[in-house]
Amino acid sequence: MATLAADDLWKYYGDFPALREVSFSVSGGVCLALLGRNGAGKTTLLRLLAGLARPARGSVTILGRSPREAAARARLGVLGHGIAVYDELSALENLTLFGRLYGLAQPGRAALEWLERIGLAHVRDSLVREFSRGMRQRLALARALLHSPDVLILDEPFTALDDRAVGLIQDLLGQALAAGRTIVMSTHQLREALELATHVALLVRGRLAHFGERTAEMVADPGWLYRRYGEA
Amino acid sequence: MRFLRRSLTVAAKDLRSELRSKEALNASLAFALVILLLFSFAFDPTAETTREISGGLLWLVFAFAGTLILNRSFARELANDCLDALIASPVPPSALFLGKALANLVLLLAVELVSLPVFGVFYNVRWTPYFGPLLGVLVLATWGLAVIGTMFSALTVNLRLRELMLPVLVYPMIIPALMAAMQLTTVLLAGEPVSGDNWLWVRLLVAFDVVFTALALALVETVLLG
Amino acid sequence: MGDAMRRTILYAMTALGALWLARNLYVILLALPDEVAQGAIYRIFFFHLPAWFTCFAAFFAAGLASLLYLIRKSPGYDAFAAAAVEVGVAFTAIGLVTGMVWARIIWGIWWTWDPRLTWAFITLLVYVGYLMLRRAIDEAAERAKNSAVLCIFAFTSVVITYKAIDWWRTQHPGAVLSFRTGGGTIDPAMESMLFQNWFALLLMAAALVLIRMRQERMAREIDGLRRRAHAL
């Protein structure tokens, strides 16, 4: 059974089709890099996969279930454009909160462990409001990984980050992949994404123009895929 | 049950957030005090007639000051896209709604319980006899206000004119609850117990609360999920 | 059913309704005798009472359509709900104005907190809120979904409010608008005219709803075309 499958997805905004006939499936240990120009529909697709919106037609299945079922959502980790942590709470409070919402047995301990892993243990009681962009993104990723999800959905995780933060995130994602998780990640940072990716997909105006394994050409020349589909 | 526990987690989070900054709480309290002051010019605080409308005045204060708190309810989730994270979590949207409504209930009651003594002092109204029933009326009516207000906060969360739309939508709909609350409060502040015909209003409050809570729990998932 | 045929039926309905109303007006104003107790002004009754029935029917239909929209997600239901509310609001306003005019002539005052007038005013505000919400949301599916929920709340609210006001007025009695004719049974000619006018108004209401639905459908198409043009 595929870990994550999209079947004939259509999404309309009014009468305008933002996604058309998008179908693909990935299994455990796959990291799918979702590429496409701005407005191609990447965020829309990720929101459908995460169960944040309903498709007009077609279906999404996560581990055989709809992403709207609580059992599926418990196995899902989501990181969108917004970091989805509360500015007015501390790092520890944020992670503990999400630990509770995800039904972890010991949310406080899990929160502390993750704060160590992302290097924010020393500021655990500081309010997120005071954090830098890199610190926030690290915390956001910890929130997404806190409950050890089988599937990770990330919308442009590397945007506006410095090398150290990027490196840390790549490490964490690499570890998740090695443990058999599935990752779907949209990005404009081709190089960073392609290092991790096992598969690559390209969205052109709502359609899936390309879906396949990462090739040597793509790694050597990140812009290759865009040019191939006339998107350069 | 897990549903209730998750609702309480959400409620606790909202309360902690609000108590850190106290923005909405302070604004609401200040607004309540200002309205009480303005009413003292509109209605002679010493007149016997004012005593007759005391319940009405009080609930006008609560309703107006309350919208400042209700507006924040879902709006506080917009920063950093926190609402998405909550919807993507295994927490059912109805539990999310219930938690927020509970938090709003607490905050609204806080404003009301501070305004009440001030009102008593300004208008020379004794609110301590029958405080038990009075508290009961406060809780029942405020719950109605919280349910409608939280629901419409979810409905209007993505709108530019959110702050304008919320009062326009909420006030006409809570009129039955306000009527009941005003009538019961006037009776209780006049130092009489609830009796006879007035039990009708208690029944109305309960019915209002039950019907709209059920409706909100059923429909909130549709509203939050695109 | 082709669009031309739909249009023809619509014109026919509107024409029929308008003619019937015109004929009714003639009869009401010129042919029927004056009423004993109230004089000429009682003729407004023939518009006042049907206006209430029509507006209540419209709001009920809108609530039903909203429920159906939430179940079926077909945009036709949303268009119907919006149209029905608009027509309902119009008829509520007619009911309010006719009531006020009647009160002015008979009682000498423009407004009395009569239960029905009060209820009508509240209902007007509730559904004006609905119309405002619709205007405030640009995206069609979002607008349909949220206004459907609001419509269900609105109808529940107007029903509860009706009962509540009734009880309030029994405790705080005040002037009550009543169109009781001066003793005895109602003249059969008047009764028949009452029903005839009601049906004529219902016909006009239905025609208006259908016209409004057409507009909604066309607006949706234009919206889709506009988005498509932007995407290119």
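First chain written, first letter: the chains are A, B and C, and each begins at residue 1.
One rule holds for everything that comes next: a contact is a pair of C-beta atoms (placed from the backbone, for glycine too) under 8 Å apart; a residue touches a chain by one contact, two chains touch by 3 or more.
Just so it is clear, the model here is predicted, and its values are computed rather than measured.
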Of all chains shown, the one whose Cα mean is least distant from the combined Cα mean is B
Farthest from subunit C by Cα centre, which chain is it? Let me know.
A
Determine the centre-to-centre distance between subunit A and subunit C, using the mean Cα coordinates as centres, and give it in whole Å.
50
Return the distance between the CA-based centres of subunit A and subunit B, expressed in whole Å.
38
Chain centres from averaged Cα atoms put subunit B and subunit C apart, in whole Å, by 32
Check each residue of subunit C and list the ones that touch at least two other chains.
141
Where subunit B touches two or more other chains at once, the residues are 226
Subunit C residues within the subunit A interface of the complex:
139-141, 220-221, 223-225, 227-228, 231
Given the complex with subunit C, which residues does subunit A contribute to the contact?
12-16, 39, 205
Mind listing the subunit C positions that touch subunit B in their complex?
70, 122, 125-126, 129, 132-133, 136-137, 141-142, 145-146, 148-150, 152-154, 156-157, 160-161, 163-165, 167-168, 171
Residue numbers of subunit B touching subunit C in their complex, please.
148, 151-152, 155-156, 158-161, 165, 168-169, 171-173, 175-176, 179-180, 183, 197, 200-201, 204, 207-208, 211-212, 215, 219, 222-223, 226
Of all residues in subunit A, which touch subunit B in the complex?
47, 50-54, 68, 70-71, 73-74, 76, 78, 80-89, 93, 97-98, 100-103, 143
